[in-house]
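What follows is a set of structures for review.
One chain, chain A, links the two complexes that follow: it is found with chain B in the first and with chain C in the second.
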Partner chain A sequence: MAQRIQSRRVSNALLPYLTSSQSSSTSSISSTCPSSQLFSRQFSATAAPQTKLRRQMFQWLSTEGATLKHHIPGETNYLSGRAERDGDSNEAPRPFPGNRNFLSETVLSEELRNEVYVRVVEKKKSLRAVSVELGIDMKRIAAVVRLVEMERRQRAQGKPLALPYARAVHEMIPTTPLAQEGERQPFHEPINDLPAHPSTGAQIFYPVPESRSFTRVDAGRVFSGAPTLEKAVADKISHPSDLVDDIIENPNSIEWVGKGKNARQVLQPADVRIPHPQLVKLELDRKAFPNERRTVAQRHAERLEKQEAAEKQRRELAQARREKSIQHVEPERSRFEYRIQDAKFTKETVGVDGRAPWAPGRRYGIPAEDRKRGMVKIPTRVEA
Partner chain B sequence: MVLRIRLARFGNKHTPFYNIVVAQARSARGAKPLEVIGTYNPIPKKPTNLYDDNANARPYKEIALDRARAKYWLGVGAQPSDPVWKLMGMAGLVEPKPTTFHKA
Partner chain C sequence: MRNRASTSLSKGKIRQSWSKYNLYNLQRFRTPATANRTFFQQKWTAKATSRAYHGEQVREGQWKRMFSKRIRSVIPMNTTDLAADDGSKESAGRGSGLSESGGRNRSRPIPYTQMAFAPLERRLDVAIFRSLFASSTRQARQFVIHGAVTVNGQKMRHPSYLLNPGDLFQVDPDRVMYATGAPKTAFERRETRQLKQKSDDAEGEEAEAKPEATEKDVKENARDSLRALMSQAKTIMSTDKDVLPAKRKQELRGFQKAVRRVLSRSDTSTVLTDSLEAQFSELTLLLKAKRTEKKPAKESKKEAKEETTATATKSEETASGALSEAFQAAAEGGAVDTSELTDEEFDILKRALTQMRDNPIDHSKPYATPWRPRDYMSAFAFIPRYLEVNQNICAAVYLRHPVARPGSAEVPTPFGESISTPAYGWYLKRRW
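Coming up: the complex of A and B.
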């Protein structure tokens, strides 16, 4: 049987044109050097004529496309949105002109990410405060701190870093700079975004008398199927953000509805669920006292402090509870530390037949499914 | 017949994992035991989130143990095997076994 594909060296047919310094017309190549044609068209037996699109492509490469061959440091090298070439600095950088919805988002610049680390680790500011100051999402702040920490450790250990790569990438993608002294720090991303809660997807027809006030708090209760708030309680809430303080102090104070498997907490208004609820209060204060900037800032700082203290206390309590059930033993003659955790092997924890899938230890008579398709074994999230 | 508190090996090749079980001494290692009272993972884990102050922390091995059940079984005469004796000694449930050798 004849070989379908001849065993010749495979090469990227476009490469000679893209890499050659002189932009040569392709028609001359196909006519004058048959060996090169043969070389670039290995998989075809017939000599195809130059197509129109192909001709246009080479024309573009020699005219407009030539400017894209080398990137200008500090600027993106996208087909659209390049300020110098297009004379249009306002246009958002779009790497794919055919896809108008794809925007190239900015990344943190070196200086900005180092500043994040300095503020969190060296100046001991809270993630929340740094997030508001620099306009970076709290999760990103936490990730930056972890990664810079890792980088510093690698530097200390003398491990090689891919610095030329990082430099080249940072030259070619849009970055958020760190503001100079006296400048206003540009926000990297919206920090108070809230994903749509699944229970708000239901279309509910809920008639309310015009005389009754119906706020976001009430809407949340309707969505979660909770009874209406009593009037005495509802009257105390002048703005949905009033609920924030209580819930931050005691998250367990959120009411539950439903029974058994259907039990769920009452959906809170967005003012409570957003990452930085204290910013709502700040804005309300600013509006109410436009001339007392210092007082407003002070009140904001106090609220922030209170919130952080409450969160810290809660974290420490949880950690202490976890630690209480673990005994650390470090034998003298061992290289290892042994962590002995209290476990309860009772009917409730391992099931009536001792085979409950959530029970500690490995099970008897139940196949291990760790080799099954689709079982995710790598960690999928990092505890902050 | 003697009751033993011993280890029952689970896990794949090169990834041992043990249930600490109470079983009849002459039953097979993989047989269904009277009771599972704990687990032991002999593969040491590196502590995460190491900062400069605790960078030299020891790798750790995880043990889970139901102390109440262990005490009960010891009380009714179950005999720990040597490896389990070592683990229970660290948990403070039995006196550590005297070593047969002494370092000079």
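Coming up: the complex of A and C.
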């Protein structure tokens, strides 16, 4: 068995977080050097316990790699080195020296997480508003609320938590702090990410007369193969973000093109597809009324309210429709509640002849395939 | 499945693991040479190296079915730019936009092929590793199989479960502490064995050990124990590197005992048997009460102490020395109560107590206690943006699928584009 090199002295890592503010818990390099072992056994007849590669590895670990053994609280400690990071300090650090394109981006600090929870749950602000205030993606905000809620529940129940682990991790990776009173809150991530639509991958040669103004709305129509807008309709649209209101009111109002399998909705301009389309409107208002801050803010608030109301109404409608199709049966003195949903016999649900393999129920001549070899039974979704 | 994922030095493959062997391999990895090699050979090597890291636990056929040539990407939009025009400027001229002087927003290229292995990041075992809940994907896989992982509150035993956006997964915190904590030393393992042997008759002993001090003793005891408490707290908090872990642990244990002694004198007898939380709150309450009592009577001593604290800011060691001296003087004088604490001391004591509560010595745990991160963990510590992790409860949400954006890709991979591009080409149905 090859010898392992034990560091004789352990740094302050025993109390990693308590001493974080006062001291740097760098490691002291163990004094045992692998090369000294070799010299001590040069007359030995037994085979060397270490191969050349192992020796080199321990050599490296005790010299250059020694800094990687323990972290300095509040600093990242990646292989790409501290020296390199100091050069471009405003960029996120890169954990892999061979990959310039992967960055170790910041995570939310504990205080910021709690602040998000307080704003959403206690102050009853909408996800959208909190997202814009703190510069955090809406999905992340929803997740944070869920997780903090869960954490509070577990604390109340006295379940075990991994507190020292959490502190250590937050010392090792960059975090977005919560701003102090009077400071500006640093944004966590870009919130208006436009997902690249697959249909924009094609390179299309589309000649347009120079006299015509070809806008983002037109480009979307070209990409989805829709005919050009009528001039009367096109003239009504002064800016692509004018389409936002209608679509928020009624998302089904988006035009469809193609038939059957090829049916697709017309690709909307970026102003509509970004997560916070109201911010474009806000910018437009700011340009239109440069000296009327209050008007601008008021209009923005109204728009937000309208959008939230529309979204809420749509959610409620969908929920009501779902509830309507389900019949609840709760027998007396029973632990169970049965939810019965009628099977729909349409071409989509049971196939052309009503005997499609995905149709509900057992049908003569259509064997269940779940016991067949090679049928994957790993769940594809878990209901929350 | 047999584990073929050894981190051997001779092969030098990079794995999803925090082992120091892997760290060394990562450090000495060089991009394979392309000169004098056919394109096929280059792609083969690129595929082999990247597959050793990405989903080596997944069979090749399985991965080929998962592979998708479509790569998700996003462009961060600037609302000011969107509001500035309706896009007609970009399409003016010869269709590539009127030439703008300077090229203000020349965006960086999107590293698409770095996302070649993005479908694997959806796997439950990989996501657990990426959230820093396990020290390798293999270990994450074991946690799943052994039933330590829940998805949306239900136990999930399939490591290959593909997470959907919005799925919340949680790992047993004890397993996470074990996976990410430093391993036990031989000495600690021995302690564990002894603890196991002792566990039978431990209960009887403890019942006997309850102190039954008379009224007179109480005051003496209070002084002694508080002094001991203080000095121990100080040594615990001292930042001396030369203290060996065993010695430090002895001190911690002594401190624990002292706390217990103080608590045993408190009015409520249930505190000792209660949880650590209750003990902590009781102790802080006790100390706070004494402190507020003593505050007005403190004037005489204050000047002397202020001097010592002034010097204390420079070096911790002299401070603790001076403080203990002051303590001793107070104890000998008799007139002054020993429970008189300066702000600094109180702070130290409080921190030591917090540490005791959150990170106690517990030999029944499978990791070295008090918990500390394992060696070389920091070199691998990063959390990609498509996960939102709460480390306190060891739970994370898979927010969305990883995406590429100008200048960066979200799939953590140690390889540059010179490897990921030929590897991506290898898996295309119509191979390059």
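Quick notes on this structure:
Keep this in mind: the second predicted complex is superposed on the first by the 263 of 384 C-alpha atoms of A that agree within 3 Å, B and C clash if a C-alpha of one lies under 4 Å from a C-alpha of the other, contacts with A are read in each partner's own complex, and residues count from 1 in each chain.
Note that in this section contacts are C-beta pairs under 8 Å (C-beta built on N, C-alpha and C of every residue); 3 or more make two chains touch, one makes a residue touch a chain.
Keep in mind the model is a prediction, meaning the values are calculated, not measured.
Looking at the shared chain after the overlay, A:342 reaches chain B, while chain C stays out of its contact range. Within the superposed three-chain model, A:350 lies in touch with chain B and out of touch with chain C [touch as defined at top].
In the superposition on chain A, contact of A:227 is made with neither chain B nor chain C. A count of residues in chain A touched by chain B and by chain C gives the higher number to C. Looking at the shared chain after the overlay, A:54 reaches chain C, while chain B stays out of its contact range.
When the shared chain is aligned, chain C comes close enough to touch A:195, but chain B does not.
In the superposition on chain A, A:330 makes contact with chain B only, not with chain C.
In the three-chain superposition model, chain A touches chain B and chain C at no common residue.
Taken in their complex, chain A has these residues touching chain B: 149, 327, 329-331, 335-345, 350, 354, 360-362, 364-365, 370.
For chain C in complex with chain A, the touching residues are 9-10, 20-21, 23-24, 26-29, 31, 70, 72-80, 82-83, 86-88, 91-92, 95, 111, 114, 132, 151-154, 156, 158, 160-162, 164-168, 173-174, 176-177, 180-182, 236-237, 239, 241-242, 244-245, 248, 275, 277, 316, 351-352, 354-355, 358-359, 370-373, 375-385, 388-397, 399-400, 403, 405, 407-417.
On the chain B side of its complex with chain A, the touching residues are 10-12, 17, 19, 32-33, 35-39, 44, 51, 57-69, 87, 90-91. Looking at the complex, you find that chain A touches chain C at residues 9-16, 18-19, 22-23, 28, 51, 53-54, 57, 60-61, 64-65, 68-71, 76-79, 95-105, 107-108, 113, 137, 139-140, 143-144, 146-148, 150-151, 154, 158-166, 168-170, 172-173, 189-190, 192-196, 198, 208, 210, 213-217, 219, 238-241, 269-271, 274, 276, 279-280, 282-284, 287, 378-384.
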